[in-house]
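Here you go, one structure.
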Amino acid sequence: MSKAVELAKHLQKLHINNMYNEDFYWTWDKTGEELDAVFTVADALRDLRERNISTRVFDSGLGISIFRDNSTRTRFSFASACNLLGLACQDLDEKKSQIAHGETVRETANMVSFMADVIGIRDDMYIGEGHKYQKTFMDAVQEGYRDGILEQQPTLVNLQCDVDHPTQCMADLLHVIHHFGGVENLKGKKIAMSWAYSPSYGKPLSVPQGVVGLFTRFGMDVVLAHPEGYDIMPDVEDIARKNAAASGGSFSKTHSMADAFQDADIVYPKSWASFAAMEERTKLYAAGDQAGIDALEQRLLAQNAEHKDWACTEEMMKRTKDGSALYLHCLPADITGLSCAEGEVDNSVFDRYLVPLYKEASYKPYIIAAMIFLAKVRDPARALMELDARGGQRKHF
Amino acid sequence: MSKAVELAKHLQKLHINNMYNEDFYWTWDKTGEELDAVFTVADALRDLRERNISTRVFDSGLGISIFRDNSTRTRFSFASACNLLGLACQDLDEKKSQIAHGETVRETANMVSFMADVIGIRDDMYIGEGHKYQKTFMDAVQEGYRDGILEQQPTLVNLQCDVDHPTQCMADLLHVIHHFGGVENLKGKKIAMSWAYSPSYGKPLSVPQGVVGLFTRFGMDVVLAHPEGYDIMPDVEDIARKNAAASGGSFSKTHSMADAFQDADIVYPKSWASFAAMEERTKLYAAGDQAGIDALEQRLLAQNAEHKDWACTEEMMKRTKDGSALYLHCLPADITGLSCAEGEVDNSVFDRYLVPLYKEASYKPYIIAAMIFLAKVRDPARALMELDARGGQRKHF
Amino acid sequence: MSKAVELAKHLQKLHINNMYNEDFYWTWDKTGEELDAVFTVADALRDLRERNISTRVFDSGLGISIFRDNSTRTRFSFASACNLLGLACQDLDEKKSQIAHGETVRETANMVSFMADVIGIRDDMYIGEGHKYQKTFMDAVQEGYRDGILEQQPTLVNLQCDVDHPTQCMADLLHVIHHFGGVENLKGKKIAMSWAYSPSYGKPLSVPQGVVGLFTRFGMDVVLAHPEGYDIMPDVEDIARKNAAASGGSFSKTHSMADAFQDADIVYPKSWASFAAMEERTKLYAAGDQAGIDALEQRLLAQNAEHKDWACTEEMMKRTKDGSALYLHCLPADITGLSCAEGEVDNSVFDRYLVPLYKEASYKPYIIAAMIFLAKVRDPARALMELDARGGQRKHF
């Protein structure tokens, strides 16, 4: 029996009735079995692809991508995922559109979704805005479908909002699962989700939030470390706490990177801006106060510079379990001596983990494809088995 | 019998021998039966899609889009239409090309058309230029095909020129046909194609021109209303007059929005620049006279501002048939109190018509697909029947 | 027997074991039989397409294009070639990416290649950089494949580097082969690869280098003509010399355009910057010396202007064999009196060769498709025969 069929048999046992035709906003909206389903389908699609079996389930149809912030990895991952399933990718470039003319989100949403099966949106720049935009957009297309404007109901893949970055964090986790040989081996493992110094400003909170909101569901000891004043959204901390209690793991916080790294099995050192600062920025932005925004930026850069010792150095790595914790990053990283003078991580550390880091990233297209697959295919387990049995070649000859 | 097959049977009776391998510039180039064919194929393709039947008639091939002005709706409609039929969409972004180097249109046309089945062009900015560009482009690809440079003869879908906007106006009309329950019910219906105030400048004439040039063919009473000095192209008025005489309808002009709206079944209030002003701008542009262009813009904005009472207000709507004429717009509209302080339409009016407005827009991808289908498929009626009979799924599983 | 099958039978006899899974950097990396294979497959794919036979060998998959310089022809040729074989084209637009943040080429290469079958790169601006970038990129994806990051090994099509422009020069040559009725007729033909005056600055060397590096392999008399100080890379001249010796042709240099054109069967007059100047620019660029770059540009433009007599005039054409040598250009050309006041070629000369020039360009999509085909398909001769026998329609109905 092929790996894909084995995975399909596992999928059959999961309760995933609420995934069909549903949006994917945040991992904590989903049950444990639903997350399991995403990982399972991702692995199955990868196995089929590795065996040159076509996984095109669409004979035409569009995936619409909207990137309100620059992107390479996620853009290409979304395009790859669409292509893998037979969708063409159509990007909404707001600079080439007439959207600036005061068009409502509701109108744009309908206008770009006429033959769209899936919508991928990245909107991570402003706290309190990113998720709201996605929700408004998807409410509009749902109404559009109900009103007979759209022939099919497009579903969302959140490609990063101000709250969560589910495709990233689930790719991170699938990498961790494979690294430790199975989800059952994660119990009791310690992960340090730690702030790290970066010379740049205003990095989104969605990765640390997504990580503590997701990894706490697997019985792990999740430690969130950051200097004072770099708090994440309290709502997400609450979720992490509840998750940890339910899964038999723990969620704790510290202001010491060294403590967090101590005996950690996994480290995820990464810069972000504080929740409070990002809220302030959102308000200044709404008020059109550019001078205020500039002043805030200077203040935050100065504040960052006080914490240059928050770096994933060789010394810091030595504190981890056997000195060889699994190093995670969503990329691109600020690498000391390579991409900047002082950054998140020592070049020698980063370099040692290049292959696992790229592998971590390589799960993202499959995670996205799995989210689409589960939202679009009525009986995903049967579909995987039929794809496998049919054995249509992706590359002929 | 499915709706698609019924429509195919109707299509069989139409004389459409001149559509195969032909370009679509202006609706008035086409016979009544040819327009009927476009509506019929659009409805059939939509029916097939709604029943999850694949309408891919191409196994590879390109649709080339050239937008010389910003676009969201039309861009996505063209991409959707190409995708529906199995073509990949390739956009010519003049900023990324070497075209600025003085390359001729003839050369560009051949260079981007090597495997193109269809070319969609939007060039609506300069009176006397848009259509000319499209014609020069298509003459070049026809020669290219004749000379053995291109393996197939690409055909044009005019995505808006300075004269007509056929994909928009035919989508508008198909919406009207469905709203009134059939093309036979349009006879005697009154439509007010009216100028309306907008704080922006230089909107194309192609929509009002396209509307009076098309709607006059169906026995309707078409009233063109605008303040003095906002005339459209006289040639198109002549066409409208002849159409009205032939179809048993009427074409009249007024300088009163209120008169036009009186007892109207349909209203289409929309801003445009006057033909004379646009001709002046084209000359200034050709002469590279930026100061002249700026001065003209100021003068036209001031002139516009004298006509702020030309707005589709609640009061104005009350004059229409039962106070509830069908409100049309090509979108995006300038909405008073929403996208601008004073604009084309009251927010409350616009909001009441949101669903029909979006539905109106939703016909555009199918109109474009039908134009492509009729230009590419030798026996479109038989093809629709075979697609229906074959029943290949668009979305598997 | 169809032309495609005849060509496939010829292909069967060629030794091309080293093309499968291999990159295409420079024509001189390839054996004569391998070049023959590219021409053969290009002609076969064109024959199949002309007979409406689908040549899709991929059921999904991506072609990634990276243009580090503007492009129309090559961009559309690559997109066409991908489409012809069933790949979707995904462009890496560095402006929309996060690459500026100091990301390494190795990281970018892996991040954009997750489901890529082929990578097309144009990087021709800086001597000593373009090829290096391509090599670094492809080394990274090969490692990525080996390390299990990528499920398939993407292969390169060099869409122009600082050294060679193989897709252009092979399209040029295939045009020449067809013009003279077969590769066997090229023996003893004289081609003048000549510098010509252009009012613009810094045109790449890759075309003249590619031409002398390729055309010398077919027993032709290749003359490289340029004013003093406009030398090409000495390494490529060495290759041309060795090729000529091996093929029984000749490679010579002259500082007289008239001598080069005398009795020439083919002329290729085109501007380029000198190797020495381009090396200087690369150094200034690396040092971030903008003032130096500007000064260099002024100096080079002044130097160019001393050679305005290097133009493909009617007078110059009269010197060629029967006054009617085949005129080649990679396009766009600087045409005297059309795209510039004084340029590479008289308008009347250029105009007389329009159809052959466009035909020359029309081979590029097929050359690219052939390169992809030979790198991806294990038994290309059998594949062509099966495609022909199967006869799947590209356009149905």
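Read from first to last, the chains carry the letters A, B and C; within each, the first residue is number 1.
Throughout what follows, a contact is a pair of C-beta atoms (placed from the backbone, for glycine too) under 8 Å apart; a residue touches a chain by one contact, two chains touch by 3 or more.
Values in this document were obtained by computation on a predicted structure and should not be read as measured data.
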Task: Equivalent-chain rotation between chain B and chain A, CA atoms, steps of 5 degrees - done: 120
Task: Interface residue identity across copies chain B, chain C - same or different by half - done: different
- [ ] Mind checking the centre-to-centre distance between chain B and chain C? Centres are C-alpha means, answer in whole Å.
- [x] 40
- [ ] Going through chain A residue by residue, note those that touch at least 2 other chains and give them in order.
- [x] 56, 88
Task: Touching residues (chain side chain A, partner chain B) in the complex - done: 56-62, 88, 90, 92, 96-99, 101-104, 106-108, 110-112, 114-115, 117, 144, 147-151, 376-380, 382-383, 386
TODO: Using the touch rule from the top, collect the residues of chain B that touch chain A in their complex.
DONE: 46, 49-50, 54-56, 67, 70-73, 75-77, 79-80, 83-86, 88-89, 200, 331-332, 334-335, 338-340, 354-355, 358-359, 361-362, 364-365, 392-397
